[in-house]
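You will see two complexes here that share chain A, one where it goes with chain B and one where it goes with chain C.
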Partner chain A sequence: MRKYLTAYSIALQETLQRRSTLLMDRLGGFAIVLSLYSFWNVLLGDKTSFLGYTRPEMLTYVLIINVLRSFVFTGRGWLLVGEISSGRISSYLVRPLNYHGYALALDLAQKTVHVASAFLEIGVLVLAARGGVFVPRDPAAWALFALAAAMASLIFFFMEFAVSTLAFWTSESGGPLFCFELFLQFAAGAFFPLDVLPESLRRLLAATPFPYMVYFPARVLLQKVSPPEAMRLLAAEAGWLALAAAVAIGAWSRGLRSYAAEGG
Partner chain B sequence: MAIALNVKDLSKDYRSPVKEPGLWGGVKALFDRRYKDTRAVDAVSFQVAEGELVGFLGANGAGKTTTLKMLAGLLTPTSGSALALGHVPWRREAAFQRRLALVMGQRTQLWWELPAYETLRLNQSIYEIPEAEFRRSLDELVDLLDLREHLSVPVKKLSLGERMRAELAAALLHRPKLLLLDEPTIGLDVVMQKKVREFVREYNRRTGAAILLTSHNMTDVVELCRRVIVIDRGRLLYDGALDALVARYADHKILRARFTGPIDTSLLAALGTVTSAGDGRASLQVPRERVAASAAALLRDFPVGDLDVEEVDIDDIVRRLFQGA
Partner chain C sequence: MIAALRRHGRLWLRTASMSMQAQLTYRLGSLGFLIGKAIRMGFFFAFVAAVFDHVQTVAGYSLLETALFFLTFNIVDMTAQIFFRGVYNARRIVNEGDFDFYLIQPVSPLLRMVCSNVDALDVITLLPVLVMTGVVLHRLPPLGWERGLAYGALTANAVALIFAIHVAVAALTVRTQELENAIWIYRDVMFMGRFPVDVYATPVRWALTFGIPIAVMTTFPAKAFLGLLSPAWTAYAFAVTGVALAAALAFWRSSVARYTSSSS
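Our next item is the complex of A and B:
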């Protein structure tokens, strides 16, 4: 366990060391949230509610997207693709190290910095908007939200890991990874609540793990899900997590068997 | 002495896509991809005893690095067997990995933005090295590699030589009993090459680790290895004393001279076999026993501005070996 804590600590130092990259990442994310915030603000206009969301709830949804983007969608997929394609991954494979655990530790370090920054940004927006957001008082809503978000983060980690391991077989795995990430953000509800979509598309998405990434945790926090429904959905989310982990680990061991250890 | 490496009939085939040239070839490959199997290592067998320092030689693409990667557990062979420190390498057992180090001259495991010390700390955790042992090992490596003042500098600020030495420290912190070194002096200046060589020799002496070293630098091999294994196109060509190999195939050195004035190139033939001459420069192959005399004659009888005495290129020896095989 200690090796993964040390890896976490070192990765945290390095993330902080790359100040301009961090700043650019945050500015990019902040711009998205600011656009969504302004968009929904205008769309809501004088209405008290839209698609079943009150104005404060909708604005909270948008703000919570910022936290979930930082917590769920901050991954190392592109680095993994690069490490496999260039053969740099060899240096990890010859050490007594579980690569999934190691990658997860590095991932958590990155998320720590990004989530802290996301909360700061939200604070700025809430102050600028002079309140007007929905803050749940029930600790159970926060606890369920944290659990749903933690599982969402792990699902993303394993799914991205599985897609990135395509690099073991093809030098063109960047394309699938790019499509996966783009589609994921749309299907997860990271641009707008999925209630906006037609019923048929929503039903289709409900049969995939994607809505569990943003839409479901955000609705749990907004107390839009009844406790029994929340339990049922959490159980389904746990099922997706187990499946994603199994696929990622399976793909990894198959990939290692065909690994060509490219380059000198 | 116990056997550290026991390799038997090890072979590895690579599968690579074949594409016809041009745009049409690219389009065709999109729908009908064809593959070609290439044998990179072909039934190679050898043993290395604990404490032995063996040079592993071959031209580019000979199969050296592929063999090293199989012995480090990175690649699974197509056929054959290997035992490294009693383990099958490609099973990647932690007990084996804790006693192994693979250093590739062109690769780094150091964290780029952070001082090398942080990577050493990480490796301390990864290899579960107790604090007291870490301190002792670190002190020893830092002294041997002359690294003390460089450990606190971000890796990206280090020169190539400093980085390579930090790399060695990170790789050897856990005192591996089997060290696979792939081109450890590549890209380094002569002073750094010498430092790295001295370190490898000293590490081998102090720890009794078995070391398998690949290098294109003949000086590395001559200074460090009494035994060499030569492969070409995946096949083992020679396994034995370096002296015997050099005596047989590198019985000469190369004299390279730059002249400050015009010379009569026909006179050079008396000093050795002229391999090139012109533009104020000449290159001669001279039998080892005549190197001193020929160099003295060059300096005495010709307007020499600069003179180099070089060992025959490893690739050249291997080529001769291959032609003679």
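Our next item is the complex of A and C:
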């Protein structure tokens, strides 16, 4: 465990050291949240609610997207593809560590910095917000939200890991990863609440793990899901997490069996 | 002069053909990127269309008008992606010493750096966007050829302005050998151009008009077509591009003059 904490600590320092990269990453996220915030603000106009969301609820949804994007969608997929394709992965395979644990430690370091930045950014927007934001008073909503977000983050970690391990078999795994990440962000509700979509499309998405990544945690925080329903959905999310982990670990094991490294 | 233009034209066609062939070689990767781009556009269209199932206008614009803003953003953005993709490799070109070879070739190093990497996938995705734009323009009430001309001229002006930004980023890379993410600031802020700038609060709108002129690139052409852009703003759009191009080219010349080679 200690070596993973050390990896986390070094990765944290490295992320903070690359200030310009961090700033640019955050600027991108802020541009997206500012765009969506402004769009919904204008759309709501003088309306008291839209699609069942009051003005503060809808604006809070947009703001919480910023936090969840930082917490859930910050991953190392592209790095893993590069490490496998270039053979750099070999140097990790000979070390006395579990690669999944090591990757998770690095991932957590990134998330720590990005989530802190995301809260700072939404703080700025909250101060400027007209019409206020929705703050849940029930501590259970916060607890359920934290649990749902933590599992969402792990689902993304394992799913991205599984797609990235395609690099063991093909040098063209960047395309599928790009496609997967874009689809995931839309299908998860990371740009807009899925309530906007037609009923048929929403039902289709409900049968996938994607809405559990952003849409479900955000609705839990907005107290749009009753506690029993939230517990049922959390159980379903745990099921998706177990499946994603099994697929990722299975793909990794098979990939390692077909992996060959040459040179020094 | 004409001979130089012909030579550069031939060179561009050759390098464009080579990069297209390279993309076609990586079929799985290219397919993934292509599907990803289609998903991004499809979901945004579904979102805009779904929103208009519930409201008549957004910021005073109808569905067709909002679609025109979104499509214009895509035309400008994709055209820039097709022609100026080379800047995304600028840091590698400088750091690995390829730029030294560009300087000794009897062609413009600027053309080699900025324009010699054509993204064929964006050519494929641009075609349906152009068709959809034609359909939207046709469905809008007849507005006269002058507005069509203004739309075309301002769209070309927007691409020229984006070219100026790419030249400035290339110059910055040559001068500093760093700032690999500088182009991503532009990409991220460009996200805000998906919606007409009227949705933003006044300070943001001003920043997008006079600071980083995203409004000139994405909103002005559509506004001109809808007859909502005064001659003064039209003149401003062309003036901004003229100044930006002159400044970016001067910066490029100055950076190349100071370049002392950063690699062996």
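FYI, the second predicted complex is superposed on the first by the 259 of 264 C-alpha atoms of A that agree within 3 Å, B and C clash if a C-alpha of one lies under 4 Å from a C-alpha of the other, contacts with A are read in each partner's own complex, and residues count from 1 in each chain.
The rule is short, and it goes like this: contacts are C-beta pairs under 8 Å (C-beta built on N, C-alpha and C of every residue); 3 or more make two chains touch, one makes a residue touch a chain.
None of these values were measured; they are calculated from a predicted model.
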item	value
Partners on chain A (chain B, chain C) - clash or fit	fit
First, second, both or neither for A:182, with chain B first and chain C second	second
Chain C, chain A and chain B - angle at the middle CA centre, rounded to the nearest 10 degrees	80
Which superposed partner A:38 touches (first chain B, second chain C, both, neither)	second
Per-residue touch tally on chain A - higher for chain B or for chain C	C
Partner chain in contact with A:253 - chain B first, chain C second, else both or neither	neither
Partner chain(s) touched by A:27 [first = chain B, second = chain C, both, neither]	second
After superposition on chain A, the shortest CA separation from chain B to chain C (Å)	5
In the complex with chain C, residue positions of chain A that touch it	20-21, 24, 27-29, 31-32, 34-35, 38-39, 41-43, 50-51, 128, 170-179, 181-183, 186, 191-192, 196-198, 201
Residues on chain B engaged by chain A in the complex (per definition of touch)	14, 65, 69, 72-76, 92, 94, 97-98, 100-102, 104-109, 111, 113-114, 118-119, 121-128, 154, 182-183
Residue ranges of chain C in contact with chain A within the complex	26-37, 39-40, 43-44, 46-47, 50-51, 54-55, 58-59, 179, 181-182, 184-185, 187-189, 191-192, 194-195, 198-201, 204
Complex interface listing, chain A residues touching chain B	2-3, 5-7, 10, 13-14, 17-18, 87-88, 90-97, 257, 259-261, 263-264
